[in-house]
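Multiple structures follow.
Two complexes follow with chain A in common, the first pairing it with chain B and the second with chain C.
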Partner chain A sequence: MTTTADTGAPRLSMRTRRALWVWGFLALPLLFYGVIRFYPTLDAFWLSLTNANPGNLRRGPEFIWFDNYLRLFTSRDFWQVFRNTFAYLILGTPISLVLSFVIAYYLDKLRFGHTFLRALYFLPFLTTASAMGWVWRWFYQPAPTGIINSALGAMGIPGLDFLRSTTWALPSIMVTAIWAGLGFQIIIFMAGLRAIPQSYYEAAHIDGLGAGAILRRITLPLLKPTTVFLVVFSSIGFLRIFDQVYNMTTNDPGGPLGSTKPLVLLIYQTAFQSYQMGYASAMTVVLFTVLLVISLLQLWILRDRG
Partner chain B sequence: MAQIELRKLVKSYGRNTVIHGIDLDIADGEFVVFVGPSGCGKSTTLRMLAGLDEVTSGEIRIGGRVVNELDPKARDIAMVFQNYAIYPHLTVRQNIAFGLYTARLSKAEKRKQVEDAAAILGLTPLLDRRPSALSGGQRQRVAIGRAMVRSPAAFLFDEPLSNLDAQLRAQMRIEIKALHARLGTTIAYVTHDQVEAMTMADRIVVMKDGRILQAATPMEIYDHPGDVFTARFIGTPSMNILAAQAEGGAYVPAQGAGRVLAGVRPHDLIVGGDGTGLRLEGQVTAMEPLGPETLVHFMAGPVPVTASAGAHDRFEAGQTVRAAAPVDKVHLFDPATELAIPRG
Partner chain C sequence: MSAADIAPPLPKGRIRPGRILTWTLVFIGGVIMVTPILFMFSTSLKTSGQIYDLRLIPARPTLDNYIKVLADGRFLRWFVNSMIVAVAVTVSSVFFDSLVGYTLAKFRFRGRMFVFLAILSTLMIPTEMLVIPWYLMSANFGWLDSYWGIAFPGMMTAFGTFLMKQFFETVPDDFLEAARIDGLNEFTIWWKVAMPLVTPAISALAIFAFLGNWTAFFWPLIVTTSKELYTLPVGLTSFAVEQSIQWEMIMTGAALATIPTLVVFLALQKFIVRGVMLAGLKG
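Then we have the complex of A and B:
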């Protein structure tokens, strides 16, 4: 920094210099996000109003107003996929949250083998989704390949054709997805439980609260910020489910008969197998809107009424 | 009837014994303060009283009833914690009402009791606020309110003022003391702050390494400390302790055989004084003007000593000073056992 000879003070004020530094550091990520994230997002909004496809991308696709959306909302395939996606969300989020809370709650009370068990629960989170998908796919195979059907057989229960039944395929895949996210949710719940001071529980003991009352009136309310985060995080995860479905149904992705197909898989197929970019963009905009509305709704419902 | 009796109370964690069989009787309505350095076992003793920690051996009686195996809620006690343990998601009213969780009272009666307690503690205008909107002192009062509505046989306080700033602590000391005078309930109070012990207690229990060193009224402990540790721990600034030898009715600093440990409080060791019990001389290392008096730190041979001087007396570092204390202000301790030597 150059300084004026007489006073020794820098030419720019402290405030200006600080602002320059801040913007200097912010420029790079802003540029990156602008080019890689925000521009494509905005572009998708525009594309969704066109008939974009690889053939017309270069000379410019035609503007067709809301034709893509009209087509979407009258398509039976789309509504089937929409229902599937919400099935993943509405069943997956509560089941995975209750399960991970129960495990975290008891794991937190456990002294012996605590670290080992915690690591064990976290392990799936470190595994790639495709590897998990394939392993579970084998679990679900008919006996003698699939261990689940083998076990059922050993108990005298007739086997179930998990992934080839339109009834059972979606729940079967959901189990895999829940299992995949469990480790992360348990760790977060446990961190939340650890943050509650021990004296809160001791004071409650002295006041005569039982274990149930302590859970209901102290633990759960104090754990709310953690729960809100996990509800939103997990919901977004289930609304965007793709890896597990794709890897467990590769011979007919989203099958049987589209009974497991989520929105993201339909978008993928429309965009990169049928090359209907405009139409796929319209679906993306719908997914974006759904994610936004559901997240905001959850934050609003679970807000702190202070 | 709410006297508390501890009989040969022992607490061990595995092979590590932290309380070595203490005996103590706390009278009905007495305000007893357990004081000692960290790890002396005072909090553990209180937690055993509360039923939060198990008793390894020995007996705890509250109101004549052995409570060793009773749940905390069945012991008829209330506890106030260092971090207040009031719930951030509940209002002041709800927090205080938690104390009545097991009480078989109608809603209206509970409400009245909560409001009565709040009135005593000056919390009435804050009843519908959340703890986050309260100051540290107000939070502590909410915790006390929750304990009060239980109308317990005894209050247990675990370092309740440690998280407050000095000014607030001084104020809360007086408030708790006034509350005790008003309610007349037995109080067992744990602190590491000897000022709290001196100012609030009917009786101080000095603890160290899991044992009770001395249990007596504040002035008794101040005037006749039972051992070197108690002597240095109670009273600020700390008592000076140095090896000395009797010489014609007085004591002079000495090393070697036949010596005793002589203790004198800085307030009794006057710079330029004419006391004949103990005379010390040395070079000034530092000076602390406190307003009403001035503390003078100097080296009596190898031993750093603190003496007091007049409010406006001034000394330079390196200057030689003489200080003396009257003979009846010199405390004597056995150099081997560090116990007080009674003087006939």
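Then we have the complex of A and C:
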């Protein structure tokens, strides 16, 4: 890019030239956000009110008002998927947060081999979900293939066919997802712990507070923004769970009997396997609404931070 | 930068038994965390006859599985596809996110707040909501089953723009004014003066963009239909499904998909951890 403006006869004012640069910088990005973000968002809302499928797209799909939503809210499949999705969230978020906080809290105190220990916890975060889904799937196989069942067998405990049980398949997949995200949460918690000024702890020591009291009265309250961020981040992650479920149940995606199927998998199947794109769009609008409510809750909880 | 400046400042003290116990428990937890990765590599080095032998160190390790998996060139192809897409998206999003972040941080102009809020608001929109319109758009324009089709949604990101804006705000205006007086044009000022001042943020953003795209699964699964265009994660899934219960082959494929990120991690651990902390605190 070169300036051609200032060689021309009528010299542009400084202001105008600056404005030209600004909008020059923003032109392509604005086009991008318009075409790749805003238009598709509006399109998704519109599609959710139509019977769009690849067959009728050329002629233009029919506008069917809220039929997709009516169908959705009276569909047993949808409610099962909705329950599953919240089961991932309600079990997964607290478990992963408590685990990652406890680990971060103690790991933060350790000096010897700190980088090494941290690396052990952080490593799974960098793996590919599809690859690790298969590794865990193998772990969960019945004996003698699966490690977990073999270990249980060796201890004389009867094994479980984890991924074929309608009760245990969802928690088993959830464990994989928690495992994959734990390292990230630990690092964020440690960053939050570091951000607490050391002087607070020194003052508490002088006042003779014990470790438990320091944790309750200083660490946890000051860590609130970090915790809220992670609750929201983790909740959003569980609400959008897909990779692990898809890879761990490829023979019957979301099975057995739909007991592990999350909303995003149902969206995928509805849109790209049965090609009911209008109906699937209505589901994405529901997902969007749930995520929006959670994000707004975060803002509301943190409102007093100024 | 040494590991010490990320490690916590601690009062130097005697070694107490409690600390040894804590260390041991944290260490055991860490070992449990890497167990799946270790067993994946272990099994990839075993023959099909040995996979029921659950020892971590294979009795007779062999690279046969790797030779078999790599022989038909599929994995290499998927690796190259992932690399092309991840590099292109990373370069593009680092460039544009920095440019837009800089513009929003360092210029005062009409509509600045509007542009900022508009871009920020896209953070609220989940990818899942966009994939159906993206798919229809791609079908219309012939982008299905192409590198561009896989890459276009990530070419710019609101997250990166926001992150870079935060960092450019810390760059003193005097530097930029001095460059203006020297007669540099605005683009050169951004590229030559401002960008070098925020390299930690750039490296954090680049690492995020790369890892995010390298491991991306949902959109590549939707937009690619021919095996030649699969990215590594999608290719691995199709490979694993085809192998059925040949777990040593599946583990080999999984290992091949994991090795690149592990290498990146071992080389850049400090940057990655710092980047995650940086982004987590700012974001």
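Side notes on the structure shown:
Operating definition for what follows: the second predicted complex is superposed on the first by the 276 of 306 C-alpha atoms of A that agree within 3 Å, B and C clash if a C-alpha of one lies under 4 Å from a C-alpha of the other, contacts with A are read in each partner's own complex, and residues count from 1 in each chain.
Just so it is clear, a contact is a pair of C-beta atoms (placed from the backbone, for glycine too) under 8 Å apart; a residue touches a chain by one contact, two chains touch by 3 or more.
Predicted, not measured: the structure shown is a model, and the values here were computed from it.
After superposition on chain A, the partners chain B and chain C are accommodated together without colliding.
Taking chain B and chain C in turn and counting the residues of chain A each one touches, the greater count comes from C.
Of the two partner chains, chain B is the only one that A:200 touches; chain C does not reach it. In the superposed pair of complexes, A:215 makes contact with neither chain B nor chain C. Of the two partner chains, chain C is the only one that A:39 touches; chain B does not reach it. When both complexes are overlaid on chain A, the residue A:31 reaches neither chain B nor chain C. When both complexes are overlaid on chain A, the residue A:90 reaches neither chain B nor chain C.
Chain B and chain C never share a C-alpha pair closer than 7 Å once the two structures are laid over each other. Shared interface residues of chain A (contacting chain B in one complex, chain C in the other): none. Contact residues of chain A toward chain C in the complex are 1-3, 18-19, 21-22, 25-26, 28-30, 32-33, 36-41, 43-44, 47, 54, 57, 103, 106-115, 117-124, 126-132, 134-136, 138-139, 141, 144-145, 147, 150, 179, 182-184, 187-188, 190-195, 198, 226, 229, 240, 242-243, 246-247, 250, 264, 267-268, 271-272, 277, 280-281, 284-285, 287-288, 291-292, 295.
Residues of chain B that touch chain A in their complex: 50-52, 71-73, 77-79, 81-83, 85, 87-89, 98-99, 101-102, 130, 132, 146, 150. Chain C meets chain A in the complex at residues 3, 6-10, 19, 22-23, 25-27, 29-31, 33-34, 36-37, 39-40, 43, 51-52, 54, 96, 99-100, 102-103, 107, 109, 115, 118-119, 122, 124-126, 128-137, 139, 152-153, 155-156, 158, 185-187, 190, 211, 214-215, 217-218, 221-222, 232-234, 236-237, 240-241, 245, 247, 250-251, 253-255, 257-258, 261-262, 264-265, 269, 272-273, 276-277, 280-281.
Interface residues of chain A facing chain B in the complex, by the touch rule stated above, are 197, 199-200, 202-209, 213, 218, 221-222, 224, 306.
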